[in-house]
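After this come two complexes, each holding chain A, first together with chain B and then together with chain C.
Then we have the complex of A and B:
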């Protein structure tokens, strides 16, 4: 007998990807990875629109560049740079995990169960990559704000 | 039980004779015949030291509201029927002591990403369909011919997949996985872990068929290692590990696995199949 009426109960992207309360560390990395991927994907479209100004002529390109040289646009670029670096490095971690690096060896399941993949070296690797991301964000800040916008150097 | 024994227990185990506190249970309710929308209903439940969430739900069913629907069987974390979301995290109701939640309000919801039939009961059809899709059984050509022999397997070979055999199909990982939240066709952590468990088993030679089932757009490559499945598993299965290992097989050892000859059988008949001697007077089997 088919059920008369059921609730579909799929969580969707907001409650599914970004439900990060009471969860493990990798779950946060996953949410950030998705967010960064969406940001970089949207930037790709904006980037094509922006660079297509060169088809109009050098003046149009120069005026676009002058229009984009303000703190709001450069903050956007900083976020995009951070997203791109994080997405790339976390992708390397995922590739290594899919190659069996840093996810441990299977264990005999005994109470209290600790999942090997969540306690192995891939977690340290994630912290290293986050540190690299932070360093590169600082470098991007230096380039985008201190040199390009404020002209300190 | 004598009075002295009762006293001994009550002095050593506080909270066994009298309730420790009263906890508010906020339970997801939905009756498809009456309700348009689901809603939450509150119940006050006296909590003893060892009261589990399942005990509390059954207390509600017996004493406060007999219309509450719960699915459960074994009450000891073996059958995997009572998976639900308790205070925002996927847990087995029978293995969750209410006091361990450290909360005066306990919210109970049915599992995510599976259709809700009524109250806390979800329809596991999509879950089991995906389980079947990955062919979760030993595939080999000579099974019928050697029914009375066992296949030789070393302890190391067994340890490769031992932990995944603990799976009780409770659906907690399927509910916790962020990828199933947006992809209805994604096989899910449980099915993919089973695919790895049977592929890596040395007695099996069905790697080709199983790879075809998991190497798809909605198969193993949809997993991005969120690890939520392993974090909520109540039985120590590590689906995240298994899925990464399955990817490893697909990336580096695909041809080798597809051509691998299954473990050969023992040359001794299985002792269990020896004729059983029945006591006198038993009917002939």
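Then we have the complex of A and C:
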């Protein structure tokens, strides 16, 4: 192939990530991992600008915080917190799997040819990380809505 | 970044390493916003609390390290996604340069906030 030839990914952006041909749990986790990473990455840019308001002074900071204290903004923060926690924990699973941990040993291919890596302990680890993610999302909901917005404490 | 400076395998190895470090610092950040040294999220966002952390050398160092690791991890992640869409010399070079510069701008802008407080700035 000539070096100058352009290769285009015809699967597209998000549609390509989520176009899972066969039901594959890990493939969905990976698509969500990417989406969560992009969400958190974009938030980083906004967060850097937001925190620089502290340099302007307490009034500017308090005014920004007051502007952001509403259900819509806190729902956005909850989504970002969920994305960050999910991306982090699923990232650990991916790191371990890439290192060969929890993906089982090769076996003789026999019908229905299910890869051993899809039934080994990495899948249990995925469920554990999902459970931890859910717990932390509930805690973030408690902080953002029940305490901060609704003043239950 | 990527084409001439470092091998892709090295960049991805750094992606994993920064990811693991971010997990640790992110957990500290999450705790510091909710229960560690504060009673809740609202208290963590008080001006005094935020500035107190920017002017404390340990907190400021942790935040700066967190920012540096995130700047690399996020923009290298964006770079990988963009390079998956299309591969040719010009696109690859444009994506590499743009993501490197964007990461650098975010790092410098965030560092500015921390550094100015450490030098006694702020209102």
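Basically, the second predicted complex is superposed on the first by the 141 of 153 C-alpha atoms of A that agree within 3 Å, B and C clash if a C-alpha of one lies under 4 Å from a C-alpha of the other, contacts with A are read in each partner's own complex, and residues count from 1 in each chain.
One rule holds in what follows: contacts are C-beta pairs under 8 Å (C-beta built on N, C-alpha and C of every residue); 3 or more make two chains touch, one makes a residue touch a chain.
Keep in mind it's a predicted model, so treat the numbers as computed, not measured.
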{"item": "Chain B versus chain C as contact partner of A:7, first or second or both or neither", "value": "both"}
{"item": "Chain B versus chain C as contact partner of A:56, first or second or both or neither", "value": "second"}
{"item": "Touching partner for A:45 - first (chain B), second (chain C), both, neither", "value": "second"}
{"item": "Touching partner for A:79 - first (chain B), second (chain C), both, neither", "value": "neither"}
{"item": "Partner chain in contact with A:109 - chain B first, chain C second, else both or neither", "value": "first"}
{"item": "Which superposed partner A:30 touches (first chain B, second chain C, both, neither)", "value": "first"}
{"item": "Contact residues common to both interfaces of chain A (with chain B and with chain C)", "value": "3-9, 13, 34, 98"}
{"item": "Chain B partner contacts - residues on chain A that touch it in the complex", "value": "3-13, 15-17, 19, 21-27, 29-31, 33-34, 94, 97-100, 103-104, 106-111, 113-118"}
{"item": "Chain A contact footprint on chain B (complex, rising order)", "value": "30, 32-33, 38, 87-89, 110, 112-117, 122-123, 159-163, 166, 178, 180-182, 184, 224-228, 230-231, 233-238, 240-241, 244-245, 247-248, 251-252"}
{"item": "Contacting residues of chain C [partner chain A, same complex]", "value": "16, 19-20, 22-23, 26, 30, 33-34, 40-42, 45, 47, 50-51, 54, 67, 70-71, 74-75, 77-78, 81, 84-89, 91, 106, 109-110, 112-113, 116-117, 121-123"}
{"item": "Residue numbers on chain A that touch chain C, as the complex places them", "value": "3-9, 13, 34, 37-38, 40-41, 44-45, 48-49, 51-52, 54-58, 60-62, 65, 81, 84-85, 88-89, 91-92, 95, 98, 136, 139-140, 143-144, 147-148, 153"}
